[in-house]
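Each chain gets a letter, A, B, C and D, in the order it is written, and its residues are counted from 1.
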Amino acid sequence: MAGSSFGTLVRLTTFGESHGKAIGGIIEGIPAGFSLDYNQIQHDLDRRKPGQSAIVTQRKESDKVQFLSGIFDGKTTGTPIGFTIENEDQKSADYTELQKAFRPSHADFTYQQKYGIRDYRGGGRSSARETACRVVAGAIAKQILAQKNIRIDAFVYQVGSLKWTGEWKSELKTISEANNVRVPSEELAVEMENLIREIRKEGDTIGGGIRCVITGVPTGLGEPVFDKLHTELGKAMLSINAVKGFDFGSGFDSISMKGSEHNDLFTTDGTTKTNFSGGIQGGISNGMPIDFRVAFKPVATLIQEQDTINEDFEAVKLMGKGRHDPCVVPRAVPIVEAMAALVILDYYLMQKAYKK
Amino acid sequence: MAGSSFGTLVRLTTFGESHGKAIGGIIEGIPAGFSLDYNQIQHDLDRRKPGQSAIVTQRKESDKVQFLSGIFDGKTTGTPIGFTIENEDQKSADYTELQKAFRPSHADFTYQQKYGIRDYRGGGRSSARETACRVVAGAIAKQILAQKNIRIDAFVYQVGSLKWTGEWKSELKTISEANNVRVPSEELAVEMENLIREIRKEGDTIGGGIRCVITGVPTGLGEPVFDKLHTELGKAMLSINAVKGFDFGSGFDSISMKGSEHNDLFTTDGTTKTNFSGGIQGGISNGMPIDFRVAFKPVATLIQEQDTINEDFEAVKLMGKGRHDPCVVPRAVPIVEAMAALVILDYYLMQKAYKK
Amino acid sequence: MAGSSFGTLVRLTTFGESHGKAIGGIIEGIPAGFSLDYNQIQHDLDRRKPGQSAIVTQRKESDKVQFLSGIFDGKTTGTPIGFTIENEDQKSADYTELQKAFRPSHADFTYQQKYGIRDYRGGGRSSARETACRVVAGAIAKQILAQKNIRIDAFVYQVGSLKWTGEWKSELKTISEANNVRVPSEELAVEMENLIREIRKEGDTIGGGIRCVITGVPTGLGEPVFDKLHTELGKAMLSINAVKGFDFGSGFDSISMKGSEHNDLFTTDGTTKTNFSGGIQGGISNGMPIDFRVAFKPVATLIQEQDTINEDFEAVKLMGKGRHDPCVVPRAVPIVEAMAALVILDYYLMQKAYKK
Amino acid sequence: MAGSSFGTLVRLTTFGESHGKAIGGIIEGIPAGFSLDYNQIQHDLDRRKPGQSAIVTQRKESDKVQFLSGIFDGKTTGTPIGFTIENEDQKSADYTELQKAFRPSHADFTYQQKYGIRDYRGGGRSSARETACRVVAGAIAKQILAQKNIRIDAFVYQVGSLKWTGEWKSELKTISEANNVRVPSEELAVEMENLIREIRKEGDTIGGGIRCVITGVPTGLGEPVFDKLHTELGKAMLSINAVKGFDFGSGFDSISMKGSEHNDLFTTDGTTKTNFSGGIQGGISNGMPIDFRVAFKPVATLIQEQDTINEDFEAVKLMGKGRHDPCVVPRAVPIVEAMAALVILDYYLMQKAYKK
């Protein structure tokens, strides 16, 4: 458990700091013989990319992935897929201040405590830049799942206290992907974008929530008792930067529900009338849409002066600068999809192994 | 990932169905030379045990653990600790109905789909009875952590819409453990117990929430980027039966917060003035109390007639009977503590490995 | 890596000391729906059992396995199979001497150094008694493999300098199992048995070698580059008590061979004319018989007085007593088969997972 | 178990085919704060490099490693070390023949069978070129171990039937590294080099053996019962290309020994008079030198015409060409050291975790 690997049969290992030469990863266990759609991979990277719209960070990174192995004549060979993404935005000149000061609610303090040394430029290993590698791996997993008619749709359902409470249908993806916020409502998109712009003017940030719905999942995915399907999905989501919570189906709302309201009654085709279970019962998929939510805290970097301490535990003032996101969720949508895809593909293969 | 093991350096593997001969487990990686307090282990088992109070299931199980290995002259030897707990309440006579019908929102349907066969008596492997094994392992881990002044306190903070919103202090544990609900307020205890009694009269059930606070955790625990401390805590909690969600620190509430409210400012002793981070920043403990919440759905077994289907997907009626919990959280408190203890001990040893 | 688990998709975890209450284990990942033949399991346990013939230890252990979970109506359910084997021969009275003295070439010294405490009765955790658990798990794996026409035959090929150099055919199994040594030659069986009896009279012991041939293995098993099929077979064999070496196909003999002699030329049915590769090329099975050898050292317990040291590093004399094996290989044959079966089944399932 | 990762606390994952853009890897778990000696890493790469002497393949590869992460100001940061080595010798023009024909005793056939597709250029993923990544990781591990006075010396002890049978002393390393064969005897070096040159003239190849001695290992390393120290060393060695066997201490020679000869008697300083145990008893290091041997088969590529089959299982003739090694062991010495170093460092950290 050295910490930078995820998955069992399909396994992603990543490396890289935000201001090193490159980030990258190795994807093991992708079955052989699949033709990769490179445009689709780049498309997901672009959905995560800085500078993609007016309400995200304006840093410039082209985020072009270079594949180094595991692909031959455009097809996967079953061997590990190694890849790198170069870091272009490596301005490290202005980090002398950060070298000494711990930014509040960042990982500066904890990395220093844990390792006794840290790459203080842009968060180093703790930077969300690492998630670009997850998007590459997830985009490949999504393509393979798509061939099995498994579809993964994440979208923003909340920014601040603005919340979308509609019923999800896959057709809504067109709407959610057409606005900067990635919310499945044109009206809310405008409201949320205005809120984010306002927050940014104050040099402040705001939290957000992402929901993800996975359809076409066969019954039987998930390994009880510790490696339940939602257990691994939860682990996957909680590993994403800035995530503070995960729930599925009725989630935290189930606390105030009665069993008689909450039970999902079967119909005679084996589906259920309601889906409070979020597609998972006893840790195993039941064929209904898998449905979960992920809570993201407000970004810790503010364009405001904050009190903090330095490495000698002396009080200092720190003025945030740079080009950071006022709200992280619009760019986090493809990351959620990527991690979900890796989990589902892993369990899909696992199920094949154990099936008679 | 066969699914019944949890942890890396400290690893629990469990076996057993609710109506088999026995359940049990193997705990690997417990350091050598610790004197075990067997009473403390039994005490935690008793906190989880059926029949312990008027508001839990009245099934009778003595839940006595028998240790088979790994202990010599009362001390751990560093070798695997094998143990069993016999199943006493093995009435399997009345399961002919269950043999055919899938109980709504249980794991009957998904186990049948996944395995093509299931032990239908009392939920079989999907029964929460398995968690008794976790309590045994967790009680050992808690004892070792206690010697390092790490303390784990879980308690009920919500039942239905009754919610405790006070500030946690370790002194409150005496109160929470003194009432049947395990909530740190005598007044709320009465209200919640009344609510649960009422719900039970209706043959219904109600959801609940548990919060857990861990103090004395040194800085530096957690392995970025996938095996963050909260990632593994989340996985641990989500693996518990009936759990629908996990969040830590500000959790889902952070969605509607601004960064300027949410950032935890440092004081010159390295602690923070607030603890929205829940003791974890960038996946690594920062020395503040670790603080998380777990959402439990209402128990699916109702003492009411419900519509469902049988193995041939025909509509049938099913009348719940037996002695089930109207609300699961009072008995789930020691399970949450147990899983938390296993995670913290695992990461504690991990940290020792990597420290210079 | 707490050390008492083996395998990935099929995973055995064992516990138990030779003189504790019981040994046992948990087998995860056995596919659902298989009807177990209990007699076959007991048969393999009996092949490993003390007292089975005149040339093995005369300790009395009935080695009856009790299954506690994972089986319903005689069929596997896909959930973990927990089992125990009671220790009957628990005479611990005479261990005061051992409590202080380290037996030469045993694990007494290293366990004491590692753990600072040890169960000194009969070797504790380091006793070969643990391998009975492997035989249980392996017997189950063998039954499943047999349904896929995969057959595992181990036999003794060498005792001291007496060596069988014939060509293996599965028919020889009848011969090897009909004599006490388990060598596929009636003549050599007599010679070897005589040698072992003579060695025992001297209070001495002798080494031996086991060869294992696995037929019916489909092509494609094995995961390059670190988890090659022979890599995992090697790990499995080297984990058995008293094993000092492992080679496959031409093995150590290949050192003095030329490539032009050693290359296995293909025939037009995809098989090879020779099998110096031992059924594995590039870590992946090629469909030819898998063929490997395992070297066992002479048992360290002698019925002779030996010089040694005690816990205070003082020179002491130690007189071996008890009922130990003069040569370990006759009883080790089913252990080799068991570990081989676990590896092959694990990789068989793995292959199913990755196959298109 | 996707196959391209090795280790637990220290974990190497590699990627890359011989004729892709680059090979590389990710090393997780290297403790923070170590100053790396890059020259030492390159030195080990040079010891493995083609073209280093007259008796190895004359392919030209500069094998320069580029580190991409995990190092800051020349020191390790505790985060994953990502690295690449470019493939310079990418002549793929002449592979049309290989595209169809399976080279005898290579992995062509098995990769094709397993994956249904293969990068046929130069062996693709099955090429020993992958081991350059192991040398990089191992060189880092060796440096860290050196600071703890743990020293790893591998050398050639046999080529064909020429065998060195002397007693190893660390001073002999100077001799073994001064000759092209890497044997610790100047006389044998001449004989072996002559043999290899002769073999090469015939277009043939010859097998060889490497021995490895590790000194300064503290007592207590190794995790019984499956993850014994020699178990993992064996796995590590068997994963190296062309390896057919592994034994330690007395190894296969122990088969014909008596216990009274073989037992390692203690002296009053806790060491043993002999070292037939090879530094490991019961799977745990005893403080004596760890001592093991690795058998390498003759290289399968011959500069001779051979009968084989093509993808349609038709008989074809194949004429080996190119610049291959007549004997693999001189270049394999640093690979053996590298893998040994990774195992020892992993278990060293593990031991720290479990120590009180």
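By our rule, a residue touches a chain if its C-beta (ideal position, glycine included) is under 8 Å from a C-beta of that chain, and two chains touch if they have at least 3 such contacts.
Composition by chain, UniProt nomenclature: A, B, C, D = Chorismate synthase.
The model shown is predicted, which means the values in this text are computed figures rather than measured ones.
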| item | value |
| --- | --- |
| Chain pair with the higher count of C-beta pairs in contact (A-C, B-C) | B-C |
| Per Cα centroids, the chain farthest from chain D | B |
| Whole-Å separation of chain centres (CA-atom averages), chain A against chain C | 46 |
| Centre distance in Å when chain A and chain B are each reduced to the mean of their C-alpha atoms | 27 |
| Chain centre separation (chain B, chain C; CA means) in Å | 39 |
| Junction residues of chain C - those touching two or more other chains | 1-5, 8-9, 14, 29, 32-33, 78-79, 114, 116, 125, 224, 350, 356 |
| Parts of chain D lying in touch with chain A, wherever the complex brings them together | 1-5, 8-11, 13-17, 20-26, 28-29, 32-33, 66, 68-70, 72, 75, 77-82, 84, 114-119, 124-125 |
| Footprint of chain A on chain B - complex, ascending | 1-6, 8-9, 14, 102, 104-107, 109-111, 113-114, 116, 125-126, 130, 158-161, 199, 202, 204-209, 219-220, 222-228, 230-232, 234-235, 238-239, 244-252, 254-270, 272, 276-278, 280-287, 295-302, 304, 306-309, 313-315, 350-351, 356 |
| Touching residues (chain side chain B, partner chain D) in the complex | 8-9, 29, 31-33, 78-79, 224, 349-350, 352-356 |
